[in-house]
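All chains are identified by letter, namely A, B, C and D, in their written order; residue positions are counted from 1 within each chain.
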Amino acid sequence: MSYFDLTFYVFAIGAVVSAGMMVFSRNLIYCAVGLLFALASIAGIYVLLGADFLAATQLLVYVGGILALLLFGIMLSVKFTGVELRTGTLQMLPGLIIVAGLFLLLLRMIYRAEWAVQTPGDMLPTTTTIGKRIMTDLLIPFEIASILLLIALIGAAYMARRERS
Amino acid sequence: MIPNILSVIVFLPVVGMLIVLLLPKEKKTAIKMVSAVFTGLQVIIAWQIYVNFDTNTTSMQFVEQVKWIESFNIWYFVGIDGLSVSMVLLTALLSFIAIVASWNIDRAEKAYFALFLLLDAGMMGVFVALDFFLFYIFWEVMLLPMYFLIGIWGGPRREYAAIKFFLYTLLGSVLMLLALLVLYFNVKDPVTGGHTFNMLHMMDQANHAGILKQFNIRLLVYAALFIGFAIKVPIFPFHTWLPDAHVEAPTPISVILAGVLLKMGTYGMLRISFPILPDAMKWEPFLYGFVILAVINIVYGSLCAMAQTDLKKLVAYSSIGHMGVVLLGMAGLTSLGMNGAVLQMFNHGIVSGMLFLLVGVIYDRAHHREISGFGGLASQMPIYTGIASLAFFANLGLPGLNNFISEAFSFLGAFGSEAFNLKVYTIIGTLGIILTAGYMLWTLQRVFFGPLNPKYVNMPEVNTRELITLVPLGILVIVLGVYPNLLLNLMEVSLNNLVQTVLNAPSFLLGMQ
Amino acid sequence: MIVDYVIWIVLLPLISFAIQIFFGKRLPRQGDWLPTSVMFIDLLLSLIVAGKVFSAYDPEFRITRSFEWVVLGTTTIKFGILIDNLTAVMLFIVTLVSSLVHLFSIGYMHGDPRYSRYFAYLSLFSFSMLGLISVDNFLGIYMFWELVGVSSYLLIGFWFEKHSASNAAKKAFLVNRVGDVGMFIGILLIFAITHTFNFSEVFGKIAAGELSGALLTTAGILIFCGAVGKSAQFPLHVWLPDAMEGPTPVSALIHAATMVAAGVYLVGRTFVLYSEHALLVIAGIGTITAFIAATIAVVQMDIKKVLAYSTISQLGYMIAALGVGGYNAGLFHLMTHAFFKALLFLGAGSVIHAMHHEQDMRQMGGLRHKLPVTFATFLIATMAISGVPGLAGFFSKDAILAASLEKAMETGMLYHYTIFAILIFTAGLTAFYMFRALFLTFYGTPRNKEKFDHAHESPGTMTIPLVALAVFTVIGGYGKWFEELVRKPNLQMFAESGAVQDATHAATEAAAHGAHTIAMVLSIAFAFGGIAVAMLYYYWNKYSAEAVSKKFAGIYNFLWNKWYFDELYQATAVRGTLLLSKAMGWFDLNVIDGLVNNTARLTTLISFGSGTTDNRIVDGLVNWVARIIGWFGATLREIQTGRVQAYILMALGAFILLYVIQLAMV
Amino acid sequence: MMAVGLNHFLVLSALLFVLGLLAVLTKKNAVTVLMGIELILNAANINFIAFSRYADTDLDGQLFALFVIITAAAGAAVALAIVLNIYKQMRSVNLDEADTLAG
């Protein structure tokens, strides 16, 4: 087992375990922490796949931003009496069955598909390329995304503060 | 001159109906105004037709012919001649008057006026259609609104009356459809050689082929058509829908029923049965049967009218009697009788319309129609009495008023027929003159004369709206009574041609060709 | 020129009718002056016409003008005016009586709530009557014939609040209609054979032999039916006495002088239509009518009823005269009768007016001093109708009797002798009942003191017409002009080929003279005999009429009840028709409609049967399907939790299911 | 166990995806559902990047993933705001109570 493989398994298992913690934990805080670790592990996977810039983004945006946001959400919406911090689950059994079915189907697809796989080249730094492409042929999507973010920001702020209307 | 004038006059009410449907149902006045405007426009267009009508030709005028359903050789084919023009005028006039008379309809106005306009379009279409299939479509289009108009806005037994009307007419339609199909499959289109619904082709005996060359088949087709139309006229054993429908229908609908719908029966005979199957019409058992039924209609209708205690029923039975005169006039196949008959169709439309409106006037005030429940109205409502007397006297055939001329011509035509000996029947038919006078005067006496019924001392005189509906008809009653040429000029050439065509038509009895 | 005058004579009353009916109430004096002055203008115009026509002094004088009214293929119906001596005379009679009646009505109808309407109707009548006598064809005469009928209907029923009045009006119109239908059939027959309505053309075709024999007789009798109705001849005479329900001036104008004479005029106008056989019928009808009506008049107590029956009787005379070929005599009597009968009715009207609408002679008596003008004129008229020599009635009645005797001598038939005998006997009866009425009304002691005291002579508008008519009653019979101008028409006049002289005319000249003398003597004798008997009973009171009526109670009741004609008709024709109509109504409602409804019921029954089958089996299936769907619905409803997660779950489940199915199928 | 290749990443992605889905399907709390969604998005991103590594030369997959991250951030912000609003309305963020859509 190569170093690459070992790293993959570490991160993969870390991601799956923390994701499982997120899904099956009843405590909202544990959920959040589970998600945190899952996302961080995914960032590791990104690194393995040679996406250094994305891994950095993942950590910055998700782990730093979104997760903080989610935690704020939890804290704001739940009364801190202890009990309320727990979240119940619904239709766990049918959910599991369906999800398992879906997983099997996905597995079947993954293994049966004839992926047009190339031999991966060297892992080069991607930041330059990404920056160039974003500023050239992907400029318009990028700008749209920026506007979207701006709108989302304003909208979210507006909706969240409409308390006394 | 308006292009496509016939399509315009037929579909104008449909446009009106759509506008009515688009209006919110609370805007009652707007709905009524729209209906009045559209039927009024129809009258103006009818006037245009009257002015532009060429009285010297036997051919169809204002013809429009567009292929409609190619695979069955069905055409949108309309046109009018001297026979239909008077009916178009009558329909336009009575529709307008009936709309004005509908002003006090007080529930579901939107539906009422929409249905009424649809009915109007159907009636107009029947009178202008020259494609048998198109004719049939319009015939059916007219049926349904009538059913609802009686069934929803009618009197206490409206459902019974409406269903009876519907079933009767449906029976007629089915028989007509059978005849229609036989004709369709056995008349050659002279151009393509295929089947055709074109009435003008059907009228040309040379186009008849197949089983239509067998005389007994022709008789069967004629009989089916006859019963189909006889129900509409209505002729004696098929008449019982009429009193019920008339009595239960709201006043304006009774006006349309008596004024226009009854005419469709005789119109159909003259437009379809007679010219398409002249030899069957002239077959003596049929012809004399026809005349006997006509005489029964006259005498029996008048006697039944005399026995009625309900004013509206009386008028209804009187219609049966008067339509008998039309039939008698048609049967003799003389130019005088034919013109008298068609003129009588028009005149009866006007007079019976007037009578129903008059009944409506007192029904609105007294809320009943029992003849014996009135009395002495003449001193309370002098204007009303004057107009009513005019209508009553017109109905009993007073010279100088319109019905006289047409009845006299019908009788003269039948009596003087050279093709058939109808003298005895005509003489029996003239009994109707006495009987009509009898029940009309008796009614006049019971309703208007004698001491005033104290219940009605405050009965209001006819109002302006009612006068608007009555006066134009009253004027026509007098004008056509003095100068019938106004209408006779229109129809004379076509009707004489019709008489000649039927008289000279070859018979398939002995195997023609 | 003359034609234009006549057209105006006819149309002016129509115009005044139109104005009067619509605006009469708003005109000053309710517009009574309008129709009245129009009638006087008409009178003037008809005098001018008469002057022009008579100045020609030609028995064959004849002007026509017509226009094409309706043209239908080969049939042309013309409408036009025919003016000859007879028309001129009739125009004069009608306008004279009508204008005087208008004048009289101003006083008589004063204060009536429908005063203006009354004058409108009078105008309508005048128009129709004048049209009737000037029109030149059968259809036209029929039209005006009906129109006079309607005006008569409206005027009889003028006081329609009274049941008796509206009944009488209806009866008049209907009885007339019966006759009219006969006439209409006659016109149908004539038209079917000759293809024309024009008098001259029809007569021309008869002369040419196109219409002859039994058919001609039938046509003649049918046309005569119209006259039977309008001139109140047996058996259709029953309407006229009832018609007295109308205002008295109307009775004078319509039901005495003019309209009822229209039947006589019709027979005169179409005289050549009548074959020998038809004339026999006509003479018989006229005679029977004259006799029956006179006998009834003898016992009547209502002054207007007496006059009504007298009118019927006199009309019978005229018809009988025409029937026996006394064309001139009949029409002459028509003219003189118009004068004195109008006078009698107006006189009676004056009496009734004075007595505050009392018509029963038993309530009158002794009025001669109270109403001097009325009495004097009434006396003149009574003498005229009774045939006292020197007055108009004498000449005309004498001419009729002479004509009938002449005919009897010519044919030698018992039938004609009987006619003569009955007519002469009736002349006596006439004198009797008329003087009876005169004595009961004006002589003796007042039998109703209260009404007598209030009685007073009528105003000038009412007495002037009386005097005017009295003048004509006195002088109307003199002069040979009528005899010479209104000559009996014969077929040769209408034949297209040259006229053949009436060969029989000269031969009978001598016989006629002999007949005339006998008739004159007999008629004077019977007239005075009648008067004498009347004086015995009612003037000197030598005998008691009451005693006689008690003694012959059967006859008296028979006469009092007018030979039970009304009862007979009521029981047969009226009740018969009504019963028949009831039966037909029942038949229609129960049998024909019952058939329909039973068919419907049967259909319903069948449909119920098939409906049950349908319900249980066919519909059962349908219902099961529905139920299953319903169950599914109810079950599936549970799934609609509203929770998004559940929906996603189901969507995924379905996706997987479909995927698996797809896999299984591949 | 063979060397880690594309399939391994894909299986990992699928596993994370179904776990995220499971969270979406079963969690009562709206915030946890949002977390599930984020997980699903990340699983997808793994796919993108893996294909970018194994079947792409131009870094298109990575760029796509980048945009996913951006929109996910926006989505998260808005979704959270909505959740907060729901909480204000219903005093709860439990999705099973927000069932006004129920038939």
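To be clear about the criterion, a residue touches a chain if its C-beta (ideal position, glycine included) is under 8 Å from a C-beta of that chain, and two chains touch if they have at least 3 such contacts.
If you're wondering where the values come from, they're calculated on a predicted model, not measured in any experiment.
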Problem - Pair joined by more contacting C-beta pairs (B-C or A-D) - result: A-D
Problem - Whole-Å separation of chain centres (CA-atom averages), subunit B against subunit C - result: 34
Practice task
Mind checking the centre-to-centre distance between subunit A and subunit D? Centres are C-alpha means, answer in whole Å.
Solution key: 6
Fill in the blank from the handout: The distance between the C-alpha centres of subunit A and subunit C, rounded to whole Å, is 114
Exercise for the section: Compute the distance, rounded to whole Å, between the mean C-alpha positions of subunit B and subunit D. Expected result: 78
Exercise for the section: Would you mind listing the residues of subunit D that make contact with two or more other chains? Expected result: 21, 25-26, 96
Problem - Sites on subunit B at which at least two other chains make contact - result: none
Practice task
Quick one: which residues in subunit A touch 2 or more of the other chains?
Solution key: 90-91, 95, 98, 102
Fill in the blank from the handout: Touching pairs here come out as A-C, A-D, B-C, C-D
Problem - Interfacial residue positions of subunit C with respect to subunit B in the complex - result: 21, 69-75, 139, 142-147, 150, 153, 157, 160-163, 165-167, 169-170, 173-174, 177-178, 180-181, 184-185, 188-189, 191-192, 195, 577-578, 580-582, 584-586, 588, 592-593, 596, 600
Problem - List of subunit A residues in touch with subunit C within their complex - result: 90-91, 94-95, 98, 101-102, 105
Practice task
Provide the residue numbers of subunit A that touch subunit D in the complex, in ascending order.
Solution key: 1-2, 4-5, 8-9, 12, 15-16, 19-20, 22-23, 28, 31-32, 35, 38-39, 42, 45-46, 49-51, 53-54, 57-58, 61-62, 65-66, 69-70, 72-74, 76-78, 87-92, 95-96, 98-100, 102-103, 106-107, 110-111, 115-118, 120-121, 126, 129-130, 133-134, 138, 141, 145, 148-149, 151-153, 155-160, 162-163
Practice task
Within their complex, state which residues of subunit D touch subunit A.
Solution key: 1, 3-12, 14-23, 25-29, 31-32, 34-36, 38-39, 42, 45-46, 49-50, 52-55, 57-59, 62-63, 65-67, 69-78, 80-85, 87-88, 93-94, 96
Problem - Interface residues, subunit B side, partner subunit C - complex - result: 164, 167, 237, 239-241, 300, 303-308, 335-336, 339, 376, 378-379, 386, 393, 398-400, 404-405, 408-409, 411-412, 415-416, 423, 426-427, 430-431, 433-435, 437-439, 441-442, 444-445, 448-452, 484-485, 488, 492, 496, 499
